[in-house]
Amino acid sequence: MGGREATMVLMDENGKRCDGRTVDEPRRIMIKAGGLKNADGSSYIEFGDNKILVGVFGPRDVHPKHMSDTDTGILRVRYHMEPFSVGERKNPAPSRREIEISKVIKEALEPAVMLEKFPRTAVDVFIEVLQADGGTRCAALTAASVALADAGIPMRDMVAAIAAGKVADTVILDVNNEEDQAGQADMPIGYMPNLEKITLLQLDGVLTPEEYKKCVQVGVDGCKLVYELQKKALNDKYFGNKGD
Amino acid sequence: MASHTVIDELKRNQILELLEQGKRVDGRSLDEPREVSIETNAIPKANGSARVRLGDTEVVCGVKIQPDRPFPDTGDKGLFICTAELLPLSHPTVETGPPGPEVIELARVVDRGIRESHMIDVSQLVIEKDKSVIGVFADNVVVDYDGNLFDACSYAATAALLSSKSPKWNWVDDAPTLVEGEEVDVPITTIPVSVTMAKIGKHIIVDPNGDEWASMDARITITSDSNGNICALQKGGDDGFTQDEIVQCGEISVRVGAKIREKLKEAQQGGQ
Amino acid sequence: MASHTVIDELKRNQILELLEQGKRVDGRSLDEPREVSIETNAIPKANGSARVRLGDTEVVCGVKIQPDRPFPDTGDKGLFICTAELLPLSHPTVETGPPGPEVIELARVVDRGIRESHMIDVSQLVIEKDKSVIGVFADNVVVDYDGNLFDACSYAATAALLSSKSPKWNWVDDAPTLVEGEEVDVPITTIPVSVTMAKIGKHIIVDPNGDEWASMDARITITSDSNGNICALQKGGDDGFTQDEIVQCGEISVRVGAKIREKLKEAQQGGQ
Amino acid sequence: MGGREATMVLMDENGKRCDGRTVDEPRRIMIKAGGLKNADGSSYIEFGDNKILVGVFGPRDVHPKHMSDTDTGILRVRYHMEPFSVGERKNPAPSRREIEISKVIKEALEPAVMLEKFPRTAVDVFIEVLQADGGTRCAALTAASVALADAGIPMRDMVAAIAAGKVADTVILDVNNEEDQAGQADMPIGYMPNLEKITLLQLDGVLTPEEYKKCVQVGVDGCKLVYELQKKALNDKYFGNKGD
Amino acid sequence: MGGREATMVLMDENGKRCDGRTVDEPRRIMIKAGGLKNADGSSYIEFGDNKILVGVFGPRDVHPKHMSDTDTGILRVRYHMEPFSVGERKNPAPSRREIEISKVIKEALEPAVMLEKFPRTAVDVFIEVLQADGGTRCAALTAASVALADAGIPMRDMVAAIAAGKVADTVILDVNNEEDQAGQADMPIGYMPNLEKITLLQLDGVLTPEEYKKCVQVGVDGCKLVYELQKKALNDKYFGNKGD
Amino acid sequence: MASHTVIDELKRNQILELLEQGKRVDGRSLDEPREVSIETNAIPKANGSARVRLGDTEVVCGVKIQPDRPFPDTGDKGLFICTAELLPLSHPTVETGPPGPEVIELARVVDRGIRESHMIDVSQLVIEKDKSVIGVFADNVVVDYDGNLFDACSYAATAALLSSKSPKWNWVDDAPTLVEGEEVDVPITTIPVSVTMAKIGKHIIVDPNGDEWASMDARITITSDSNGNICALQKGGDDGFTQDEIVQCGEISVRVGAKIREKLKEAQQGGQ
């Protein structure tokens, strides 16, 4: 987020954003539970122009043994971007950014997963970003929750995620790529609606204390919207019409 | 991918027994590939892309086209590079980390099949001789594994390349400069098709699925071009072929390849 | 740093019991950071440096300022890069070798807090647009560990940057050329201060020491600037915060940050 | 084999190739069994301008244990080029090309070696290319077979190898470096003459189905020539005059 | 030591060196025993403009087990330079130079440490160069001996170290950075005064046999000076006034 | 290379017992190196090469000479780099993978011995000041191991350098351009010879073979030049030397080195 000069009109006189959305309107979100044959659970999400695939394996044995925990299961998360997922072809080696996001998503999922039921084992979550737009980490976290549920892993709640932010001095929901590049602040939030807990929170960009408070509120409200779509995806697979 | 448990042994026996009767576990004839389904433009932001299923093996390929520096001794040619990676969600045994010899071989064989066919005319990918050329990168990622990645990746890369449009650059002020809003075709000269065959016992089968792959004695991947010529070949596996079998595999590959080439053309037309 | 032995469990219980009574193991109040001591110019040959103790956590930061190539798409801006490393002598559990996810997160969070505050005005660090810029590198090394490296490294880097003097370069004969004997100030616009809080049970405490760090459920690091605005934040740890707690942490961070900013200013003046 | 334009005369009006050979004439081949003190078996080959040294150790214990197989011995092959072996100094790190060739040679040797006689152990084959000309993999495979025999490893047959190819629209035997660079096709073949099995086969370059068939025939015939030289090398060491 | 042209006056007409010292005068040396909280033993040295911190852990368990020795303890030494310790920012990856110096210092310390008293364990010495001037390895070795003593590791003797060298055709003591760059020879020496053994010795640069002999003598004499400062540092911490 | 089994202990005892009588296991006197045999031009396609046997230790060195970029602060000097690698076929204990500390030390000591003698006059290896220089790379590979790689690699590199002819480049159109068909001598100023001595008990022996190497207490490698001056030295091993021993080793190294220098000269003449 090096350059934040407004090189484009991020919000017009009618309060419409560069992609035509209103301030509190998320991008198009499509979530599908399942889809992969070999994974124990999987999901696919399109969140704006993000396209992300998640596969889950486990609970399964840990190698080498000394990495396992005799008291609880462990969660392992890998967030990974394909070389063709971004503007300029990405070097295949894992970047420091990918390692940090893997850790942040892992810690966001931990409180949701009942790992204590599976001591000595591991649950592996593999996140593959096929196409990246602004907000991959929120989309990835949202999809990962669904894939864990699809794998039948016992969960206390699901984590829904979306970013709040600030653009043209206005607090908005769901920062897209242009708004992330040219905007004033980006605050990804992961939230468990039933347990009322924020499990992912980051911020880049300057906010007054008031704006900070408002961003958190807007983000939590957005997560509740995303949560409904997560439930619908699981419903569609397990109980509903699979036509779509 | 290659483990040797009692179950594997039983599976191999079952596969062999059926083959003695001229049959395969999934009902196909010996020289019949699995159903191929091709979705092009699966990654709209890439310059070209395809999502290919070969039976239950699934591969996504994205093509990126961007300016690059030429190799020192070939300043009059652009670059073509094709890679392949097994994503860990594609199978429980796949590990993360640097690629092992099997994945390196996979990537190099897929790359070579396309490169040696001269599918992409790299002499047309020059922005400024010796200074700047166009690089075409076709990156395959395997998202579901059920055997025969060689062909699945090759079809995905070929379909993605056929679907590609290239941005245009001019040489301005000693630097490649994007011409906004213009797109050109990628220079395509032929459509290579790889056909992989496995030898199990004395039987040669086309497009082995996951169980057949784990049971095979040796394999051979042969790529043919639109003229019905053979342009690349790789033998693998811990056993050998007779000279007659090698000749027979060449014939099968050209015949089966022709049918799959039609599907690639359909996908190209469908995608346009 | 995170192990789970019986001793850890006993320590956590003791910490929690005290917190129920509004007390901490080392006698501090819940929103009180440990004593900060700052020695600037600890590494005289560097362009700036500081040795910071936060309780028994100790960090040395050295700043190097040197010409570098700009990133291709930001040729009108210099570079600012901040790193962090745990030296193996800082704690018996630290291992040598490439940094793990915890150290990578530490470095990135410390870097981001300073970067997002726009403390260094990188637009002034240009020698020749698109050709040569000035890079400012602030490298933190942890020499003694007792919890909360986020803040200790952040204070060390900020103090080192405030103490820095930059050499001067002119663009001569297509190369950056040092102007001997001249030094200029590094362009500073604000003083960011990070404040890290841990959640243990239902309690929020500021600047957790080593034992508290090992006992916490979740943590949050919030950086505020000289205007009292919030410019960066990172939640961590295997549990969550309520919405109210997040708002409360924001307030604490601005209030505590203001006090620490005064210490950073004193160190800057003392060092001059 | 990027550039195949004929920048030189690869075949003259008399059917002579750029180095004076006829179409079915191999380059000078010199094979020596043994030579190294510490290796259990070794060989040295000069094949045209290729100079390759092979050392074999084993059967020996495998570390770590879990890499071993309780049912059979394992074969490990490393093909490695010295920094000074090629035109421009080679980076010492193993290239992807070297990793692939190691695997191809290993699979070519497997059917020849009676590994089942040595469960839980490994046989290591170390191939060192001191000077590279066209066709290193064939020369290396040929020498490796001799080194394995020299180490006393029980074998069903030896693998002999040589490349067929196409130059100036003519099928030829034993592609040299210039022919590989500027020619039309290169087909390395590894063959066990007694078992009549092709265990290495690759192809780069375009062949009609007829040419393909002919290349295989020319290559197999060439392997039989190489095989005689392999046997002679072992004879010279174990039974013969060691004068040379 | 690529360029040894005298681009500056390394010795003036009065026998004074570029920093004002006489030929046999060491730079300012300040050694402090202890200082780190978590290390079992530690030390800090300023040797000219060198600033070096050393921490020692052990004897402690070795992981993985097979690295330990059932007959004796093992000594492990890591010499490491901070990115900001040298003129141009150093790449954080360990250089081949650092790996060699680690090994040379380890072998210089071995004869001094009674490792045989702690079979199956390891003693770890971590050397951190905060600011580098000429002669870091001697300063590091000197400080490491003090840190080992501070950790209570039983020792036969301490190793004191300093460099002899040749500048302007004169043998000198304690080569500084300018003299190392522009001088004629640099000979770091590590010496155990009680056991009268040289345990570190290197040389870069040309010496006649006579000068060689003299350098060794000058270096050994210098080590005896350094040794007194090592003892004083330990005395100050354990018995003396700690006022600095 | 250094293992400590019962066999090793017995070997050491035997070696020591013989040394007490002034004898060595292979019949040499204490200051006598093994037979050196030198074959130059073993790799004709390289710019220089040598295959050297020192007893049963065998090393091949190839020299490559090619244009390179100078280091930023020494634009008026070419590059000389010497490496050493233990090939896995040289001994059953050698492992593949990145070099360990022992091999890194070996390479650096061999490089330094030659570099510090100023054998190659790098100031003559400049194509265009600050832009392009000539790099001379001497890469040693050990093909058979029987102790004392320091000297074997040093002799191989020196012999290979003495046998080298350099292509010629001119600076044309901002690039180094090969002058076809011309060859020039590599600028040689002296012939460095390294002599490695081991201390076993109280005895100093020259050129330890494999068994002696495994039994030694400490070692010292001293390089002298054609003038009989000492130009590089490296002590190693887990014990020390007395001051008298160090002086004595210096004398031995010059004396023995002179004899080996004659062999290197013979090989150079023989190779021409």
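We just call them A, B, C, D, E and F in the order they show up, numbering each chain from 1.
The rule is simple: a contact is a pair of C-beta atoms (placed from the backbone, for glycine too) under 8 Å apart; a residue touches a chain by one contact, two chains touch by 3 or more.
No experiment lies behind these values; they were computed from the predicted model shown.
Any chain that touches chain B and also touches chain F is listed here: D. Chain centres computed from CA atoms place A at the largest separation from chain F. Mean C-alpha position of chain C lies 58 Å from that of chain D. The mean-CA centres of chain E and chain F are about 27 angstrom from one another, to the nearest whole unit.
Centroids of chain A and chain D (each the mean of its C-alpha atoms) stand 52 Å apart.
Residue positions of chain F touching 2 or more other chains: none.
Arrangement of the chains shown, judged by which pairs touch: one closed cycle in which each chain has exactly two touching partners.
Going from chain C to chain E and on round the loop of contacts, you meet the chains as C, E, F, D, B, A.
On the chain D side of its complex with chain B, the touching residues are 1-3, 69, 71, 96-97, 99-100, 102-104, 107, 110-111, 187, 192, 195-209, 212-213, 216-217, 220. By the touch criterion stated above, chain B contacts chain D in their complex at residues 4, 74, 77, 101-102, 104-105, 107-108, 112, 116-118, 220, 222, 225, 228-243, 246-247, 250-251, 254.
Listed in rising order, the residues of chain B touching chain A in the complex are 42-46, 49, 56, 60-64, 66, 83, 85, 87-92, 96, 137, 139, 141, 143-146. For chain D in complex with chain F, the residues that touch the partner chain are 36-39, 42, 49, 51, 53-55, 57, 60, 78, 80, 82-85, 87-89, 92, 124, 126, 128, 130-131.
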